[in-house]
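Which chain is which? They are A, B, C and D, in the order written, and residues in each are numbered from 1.
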Amino acid sequence: MAYDQHDHDRFELSETQLRVRALETVLTEKGYVDPAALDLLIETYETKVGPHNGARVVAKAWTDPAYRARLFKEATSAIAELGYAGRQGEHIVALENTPKRHNMVVCTLCSCYPWPVLGLPPVWYKSAPYRSRAVADPRGVLKDFGITLPKDTEIRVWDSTSEIRYLVVPMRPPGTEGWNEDKLAELVTRDSMIGAGLPKSPKDVK
Amino acid sequence: MAHAHNHGHDFHHEHGSELSEMQLRTRAIETILLEKGYIEQAAIDELIETYEKKIGPRNGAQVVAKAWVDPKFRKWLLEDGTAAIGSLGFGGRSGNHLVALENTPLLHNMVVCTLCSCYPWAVLGLPPLWYKSAPYRSRAVADPRGVLKDFGIELPKDTEIRVWDSTAELRYMVVPMRPAGTEGWSEEKLADLVTRDSMIGTGFPKSPKDLK
Amino acid sequence: MNGGHDIGGMDGFGPVQPEPNEPVFHSQWEKRAFALTLAAGVAGGWNIDMSRFARENRPPNEYLTMSYYQIWFAALEAMLKERALVSDDEIAAGQTLKAPKPVSCILKADDVARVLYHGDPTERETKTKPAFKAGDRVRAKMMNPVTHTRLPRYVRGHLGTIDRVIGCHVFPDSNAAGAGENPQWLYTVRFDGGELWGADADPSVTVSVDAWEPYLLPA
Amino acid sequence: MNGAADMGGMHGFGPVVPEKNEPVFHEEWEGHSFALNIVTGVANLWNIDAFRFKRESLPPPEYLNLSYYGLWTRTLELMMLEYGIATPEELKAGHAIAPFKQAPRAVTAADCDNMVRCARPFSRPAPGPALFKVGDKVRAKNMHPKHHTRLPRYTRGHVGEIARIVGCHVFPDSNASNLGEDPHWLYTVRFDGHELWGADSDPKVRVCIEAWEPYLEKP
């Protein structure tokens, strides 16, 4: 009886497709939008901005203690040092996972998400199952991702109700001593920066 | 500020595509249960006939009319709705625990079931669509005055509105106030004034001039 | 508003189903709807809180049946129509039928990178002092406005602790209504799971929300 | 459970639209859906609370987009599957296929009058004295069980007053899960509108619910 988040994509798809095309035509004809701007926007989020940005931030925090301190003190500017900033990331807060505490980010009211570091959110993040259950049953949600945390680990869920955007800094996997930032960044998954996953282990990238 | 979308009407009636499919699915269930011997066709037909033709708000109207003319019955009705209503031959399914709520100039009662659509079938028959609809179920408890406005009714600001959410197996019926100008009327004539909505609390009885 | 969007704590939606190797967009029209929303927002001049309200302000059955970008697109149409920039018959015809209204500015391709990089910060200068400090106990107000608000239903009436004073930020409840930015102090408020979900809740869970001062009462 | 059925206080569904001269059933199949639900109940295939639980367990988008009798038919299908009355193949074919055991006794037309008129009370002998008396202040527990319950979300955590002791009734939370009738004291509890909806709400509104003793605590 699971509610299929994709069902309604198939349903009505052609109708929406036609309406979007119609609106784009009218807006372009009236000069309200520049078609080149549209293409650039799409290209930006399809190819340039994505979780690889956040992975750089996390990898740097793992190797550079001074950066790590700056990140947890004032994430927006620390992240801007790497060139990532802007829309849907105007006020970023970094959350540190520890052996005793696991952070998890959701937006129950819409689907707020730190675009400059993670790109656009995946469908599951925007889905009703995640938005409804993350705040009430985060352990159950983690189970959907195949993750079971120790019972005494505190789970802190952050519901993004304002323009503050949250980035989880997962724990550095053991066995990565001496790795450089580039190599470490390969371990950092998107889900681990939302709190719905863990970084890859060193053997996963061999 | 944009106005809230006005989709209430569509919400009830937009189910056209569901019709033929539901018809088939309902028939499938019925056929299987008949073939397996769980039910008898005549029982289904009798039930439909009962609620389409026999049980309806006319039952409740008789209860209200009697309460208007017979002070002893009124007292009994308000104390023990099930027994008093049972004395008129109404009761049973969705009417095993009936409670009558008396409207006064200072107090207006309104009945809803936010969780499903419980309704006093024994005295009012089956509920209308609007009673079962999301607009009514969601708003009756939080904004009863707004709901009354949908029915064209505005109560004085200082009238207390008491909303009864039917969460258990108790079933409520509202006893509206007797309209003025009906002195000396017979029970039967009075019953003609009692509307279904007035017994739910979303309407008033008709006035004597409506009958002329 | 207590709309179809305010679903924190609701049951029945089933498991979360992550999609392996999910693309950024699932179809061509999603790309266009996304880019149109960002670009037309510049011409239309609405703010993000107005967009959010336009998305949530629809019958909950509709909201919960539509996909994410379908909701975005429906809100875009609604906002364009509300400002008479585009009409229903134009969308139906797929072409311009009325002369355009003058707009103050549109998004040019050359500006995209800059606009995205600058974003739209919501922190504002203030001379007022915050009413609460970290560690204070506060109660989320029991309020049920029919207009836009960012206080989820599942925290209303509940006791939490100020975790952090964030700063003074644009107040969505006013901003969505076109009543000005009306900046207010913003706090991160942490609630124990047991406080929100009852005695049977997992004691190791806390939930934090960002709440503006008008949402909070001293406990 | 916090399902789509629990919609008290939600916004966005629009106005209530009464229909002039509404027929009892709008389509022929609606009457059959209705009657089937009654006879399957009388045949004791399942109890009413289990039926309600199944109905509200539907994913909220599905629940909110089905018509009233559409919901009944959908729920009947699911109950028949769960209780082994029919197989998915049979529902698809619209006929009995699998070998089956004869029902203990078919519900007949002769049962109809009985079905409609005969009292099937939910009151039961009391296992002990009632904990609360009329006039007592009580708080509806802040509970969010995953199973069926009849305590609406909009009352949870709020303080009301015992208006009446109804009696001792079958406890739906237990009955819906087929864990027995487990009767408990049932009360009518009256809440002030302000308590439920906040300071901006109408001061002359009160809301009454029936609440079983396990739903209530001393404030």
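As a working rule, contacts are C-beta pairs under 8 Å (C-beta built on N, C-alpha and C of every residue); 3 or more make two chains touch, one makes a residue touch a chain.
Given the structure is predicted, the values throughout are model-derived calculations rather than measurements.
Enquirer: How many hops, at fewest, get you from subunit C to subunit D via touching chains?
Expert: Minimal hop count between subunit C and subunit D: 1.
Enquirer: Of all chains present, which has the mean Cα position farthest from that of subunit A?
Expert: Ranked by distance of C-alpha centres from subunit A, the top chain is B.
Enquirer: Count the C-beta contact pairs for B-D and for B-C, then tell me which is higher.
Expert: Counting C-beta pairs in contact, B-D comes out ahead.
Enquirer: Need the CA-centroid distance for the pair subunit A / subunit C, whole Å please.
Expert: 17
Enquirer: From the C-alpha centre of subunit A to that of subunit D, how far is it in Å?
Expert: Here the centre of subunit D sits 40 Å away from the centre of subunit A.
Enquirer: Would you mind listing the residues of subunit C that make contact with two or more other chains?
Expert: 1, 7, 9-14, 56-61, 64-65, 144, 146, 196-197, 201
Enquirer: Note the residues in subunit B that touch 2 or more other chains, in rising order.
Expert: Subunit B, residues with two or more chain partners: 4-5, 7, 11, 134, 142.
Enquirer: Residues of subunit A that touch two or more other chains: which are they?
Expert: 1-3, 8, 128, 136
Enquirer: Can you work out from the touch definition every pair of chains that touches here?
Expert: Every touching chain pair, ordered by label, is A-C, A-D, B-C, B-D, C-D.
Enquirer: Enumerate the contact residues on subunit D facing subunit C in the complex.
Expert: Touch residues, subunit D against subunit C: 1-4, 7, 9-14, 56-61, 63-65, 141-146, 157-158, 195-201.
Enquirer: Quick one: in the complex, what on subunit C touches subunit D?
Expert: Where subunit C meets subunit D, its residues are 1-4, 7, 9-14, 56-61, 63-65, 141-146, 157-158, 195-201.
Enquirer: Please give the residue numbers of subunit A that touch subunit D in the complex, ascending.
Expert: 1-3, 8, 128, 136
Enquirer: In their complex, what parts of subunit B are in touch with subunit D?
Expert: Interface residues on the subunit B side: 4-9, 11-12, 15, 18-19, 22-33, 35-40, 42-48, 50-52, 55-56, 91-93, 96-97, 114-117, 125-126, 128-130, 132-145, 147, 150-151, 157-170, 197, 202.
Enquirer: Would you tell me which residues of subunit D are touching subunit A in their complex?
Expert: Touching subunit A from subunit D are residues 57-62, 78, 144.
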